[in-house]
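A short worksheet on the structure shown next.
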């Protein structure tokens, strides 16, 4: 095994100008892990669906996925870059799989019955160190009534994480308030959400793939005359909005869908200059062999082999 | 007295991968205590009814139960695995019964007049160490408006408890918000509640026995075609939802009912792979001799002798 | 004065099983002070009316009572067990009367203009040590919207107090929320309030004398068939609800009333097994000589001489 | 398994008047463990010889003893009361044997090359909680130049231990300064060493079996006319010097010797009212089967069966 | 790149029973890095000679070695397991080489002018996290007058390191006090030094290759009849003394010497069951190409290819 970081990775790391070597080493671990190690691309397996939607909606379709070890093993066998999950799920396998794949501790979590657009903080930076995670993950809902409290929670956790050499991954999902349902996926909104994450100091930004809808009246003029017809162009705009490519941006796959749609997404992310995919339901809700095949093709797409 | 942990207990302990030996030793104490010691099954006596319903509703039917010593003695004489109660109740007997039975300090408590679906934190981790408890107990109400704050309180207390070698028991009782009254006991809801507790990092999960009702529309598809007709099958689904059996799950007995119904519950828990019962009102609201007889049969059921 | 603790006092102290000798010594000081020293009975002078009702409503009827020294001297001259007041009031006399009577620092306080059913924390455990108090006093309002926060404040203060060898006195006054005005004094409610105080870990519980009203529908069955016609029987039920006599319980006298009513109250407390009275307005709102005469008779009642 | 503490144990626990229930529960665990559980007698296996004398001098004679698991298993299989060792040795087996036998973390340690009569502090109270120990162990050398620093180190550690519910075991070994070599084992010196340990606040006192030599001129008068001819009588004097039997005292066996001498020691300890033996080299420097046979007879002696 | 830990590595990790997954992940990183990744063997490059002997004595013979980057690059290019150095040296390259090789922050350091056999603490656990180190390194001098203070410094640093998921490497170098110069390398002394490191709670133990001299009179009997004629047999005894193989042990190469002697050492370490070499002067005091060739052969020896 070689851990030599590639020129591409070193370029990416150089964008994190204020971070200590500890945080950079953890980013390097994520960028160096798995089959995409060294390419500057990454595919992350996130499994927080259990918190969000409950166990049966998440795992009944593929029963082995009820076992927390299943997801560690899937991410490792697929050669992914990192595995992200809430505290209990990581605690349940952190020893067995110690050192085998970078971990992202999701430190806040929602659930289906929540009466506010918010998440509870369910993990700490100390927990992340204790279980050997490389990063903490956090979700904000720009648009929600208490977005400021969410940003303040992230500020506290991110500041602590950076001081002990951990990286931060920020899920930035516009929702609530003045936003229409279509607006949540609008291009201007997605770019804005990514920019907020960058401004809040996140190392890795996770947003949804944007549609070509423009939600904000005030923003429409700025998008006039642009060609937003392809997903790749829209991805490129999100990347541009994330400090012009100075921040790692990964895109989520959303609900389970056909494999071809997943591959199209990955190609658009790649062609638009995105750093990769974060694929949860589309992997663990398929039988393991199908999931491995699907992840193999996604990895090959990012390797420019498909 | 032998404290040798059985193979079954060692298997259970091995699932707690991130815990220090102090926490595992306290789990081992609970799993090794009483007549079920070493079987991987447990019966816990919880007496927080005084806080929840007031003293008369709790104890008038069996007046000796007004005395805090009564419950320590009952749990010891019945050969139970642990005794759980709020701070004052444990302080009142912790010296007399020091070392005789594992204690669980219930660190939050509700009351009948509460105007929110919440509990107040009435004990600390320092209190637990000071009185010699093996674990802290905490209640969350998934569904309640402030579930996130409840999870955050648990996170703080659980993190501190784990660092000093204590175990955590999480009562996960869906209530409030979008949930219907039937929904509180629904199978999908109960499994979800157990899963939330597991993800929050609890060592021992306490939930109610679920009915065959499916509450969430979005979840119905996941349960279609399944056979949920027996309590044992429903228990098995809750266990599956608790990290596929990697977490200890005990079921509460609910309001006082006929002894046969209690035995049926225990058999269903046993047959479904649950770890045991937490029986409050059904024991201390019966005359002592009746309670001992009832607990004896429950223990025998878990010993596969009935 | 002899400080030898009587057999009765030693029995009472033995109920505080988890407390360190420092806390027990302070309880012993209160139980050993004044004319009731050694009997297990106590009469406490509380003067927090100034905070609650303002100075004129409290003291105009007996102008010397504007002077903080007046109350120290009254409690000492009457041979009472302890004097309880907010920080400033104790600071104003703590030097002159150092060592002459046990002090209880009331660490939270309300006022007439409060818009919530709550109190502000106006004293600390450090203050209590600094002024030589034997205990801290705290008020909770079971039924109030923020009862959980009140219990959490008490938890913090009580935990600290116990660690430095101080005792705690908990005023448990049901108010607000679902409770009717009559309900505040109902038997079931008063017993419940006392039980909450015991569960919260208080050493000395202060509640109001209950009426024979039963407030909670769910509780009525538990009280059916009982004879609650006399105050003594109702007191006995409150004592039973306070860990079956394992906690010291004192009863407050309420608004100023005729002396005979006050004596009747004391006899009922005594006959019902209560530990004593906490008498504020009925003493300091009378002329000093009248107050001393009234307190003398109350003490004599607890000495079984009347 | 039953954890009911016997009347004898409850009597012993009652002597620890200032300790919280947590510390008492840990003492109860030690007094309740193994074949002597409940008798008030105890046999402890201490393995700090590796630190004191190096590995070869300690284990070459019985090579399996190089493995830290060997000692856990020996203590468990022999039905002993506790196993005491330095941090690394307990860390190496604390998970495998979690909850199987009470552990004593020896928190200071010497070595053969030390140029002062002292030990280094090599473990903390946090370590003890983390690995699930019931007590910390500490050695002082009354007579040494820096005995005061040693006592001060113990004060800090013991104070912290008591506040979190751990017990303390104090090895009190007179050495250095004005003491002659014979004097280290003198009766007056041993009794004095035990008394110092009691005064320093230790829960369990470990001293060496004293000879009939009287070392201190000033003390000779006090011993004149006494009959110190038997080991049992000398043990009784040490017990008397340890708060007249209010503290648990165990005696160390010293260097490896014949089995009969070991049995004679145990009988003398028993007959003199001592609480038991702490037997290191005489157990682990024998082949396992021999050690088990020897420990079996010692246990039988304390059970009054030999 | 695959980070799958081998069966061998998982076996080694399982010996660290009390460590959290964070510490195990860092051990796994060291055991997984470089060309020996997964074999359970390791070669570490330590460069603390500048502190010990000054720059010219350390680097004049190979001037590029004055540049801190030189050593990072050497360790990476040679495919080593980790690079160990004092704070400043790591700070000078931690960003350039972030994530490319596990780092060990040497947190104490000596110098040629020291008048005591001791080292100063020149780095902290916070420093280690900040620069992304996987472990802290510390030197003790068993035999030195202040060995106890050294052990106490290690205890503090190690306890903190373990709590945040770092590993610890303990250089255990007997020196001073009663030890003769020959004695510093004696077999009994080296085995004892390794045992002390294990007992002190180190994860990785670094000692010198022992001679066949037996230094301690008291220990001679334990070594009588043993065959200590080969280096491999002496290594095997050190491994046995390090918890019978339950701790990772690496051996230092000492002063610069001929390459063949270095290879012989490596073969002896391998054949005796040691985990590897820590090679400083013998690598960086050779021209880079010679050093790479030498390290290549050492790695091949550990791979059983030579």
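Each chain carries a letter (A, B, C, D and E) given by its place in the written order, and its residues are counted from 1.
Keep this in mind: contacts are C-beta pairs under 8 Å (C-beta built on N, C-alpha and C of every residue); 3 or more make two chains touch, one makes a residue touch a chain.
As the structure is a prediction and not an experimental result, all values here were calculated from the model.
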item: Lowest number of touching-chain links that must be crossed from chain C to chain E; value: 2
item: Third chains touching both chain E and chain A; value: B
item: Other chains in touch with both chain D and chain E; value: B
item: Interface composition of copies chain A and chain B: same or different, split at half; value: different
item: Angle (degrees, nearest 5) of the CA superposition of chain B onto chain C; value: 70
item: Listed pair (B-C, B-D or D-E) duplicating the A-E contact set, over half by residue number; value: B-D
item: Mean-CA-position distance for chain D and chain C (Å); value: 48
item: Chain A-chain D separation of Cα centroids, rounded to whole Å; value: 56
item: Computed distance of Cα centres, chain D from chain B, in Å; value: 39
item: Chain D, residues touching no fewer than two other chains; value: 20-21, 94-95, 126, 130-131, 163
item: Full enumeration of touching chain pairs; value: A-B, A-E, B-C, B-D, B-E, C-D, D-E
item: Chain B residues touching chain A - in the complex, by the definition given at the top; value: 15-19, 142-143, 145, 147-152, 155, 159, 174, 177-179, 188, 191-192, 194-202, 216, 218-219, 222-223, 226, 237, 240-241, 243-244, 246-247
item: Touching residues (chain side chain E, partner chain A) in the complex; value: 1-5, 13, 20-29, 31-34, 37-38, 76, 79, 91, 94-95, 98-101, 126, 129-133, 163-165
item: Complex contact set, residues of chain B against chain C; value: 50-51, 53-57, 60-61, 63, 66-68, 86-96, 109, 111-116, 118-124, 126-127, 130-131
item: In the complex with chain E, residue positions of chain B that touch it; value: 17-18, 20-21, 163
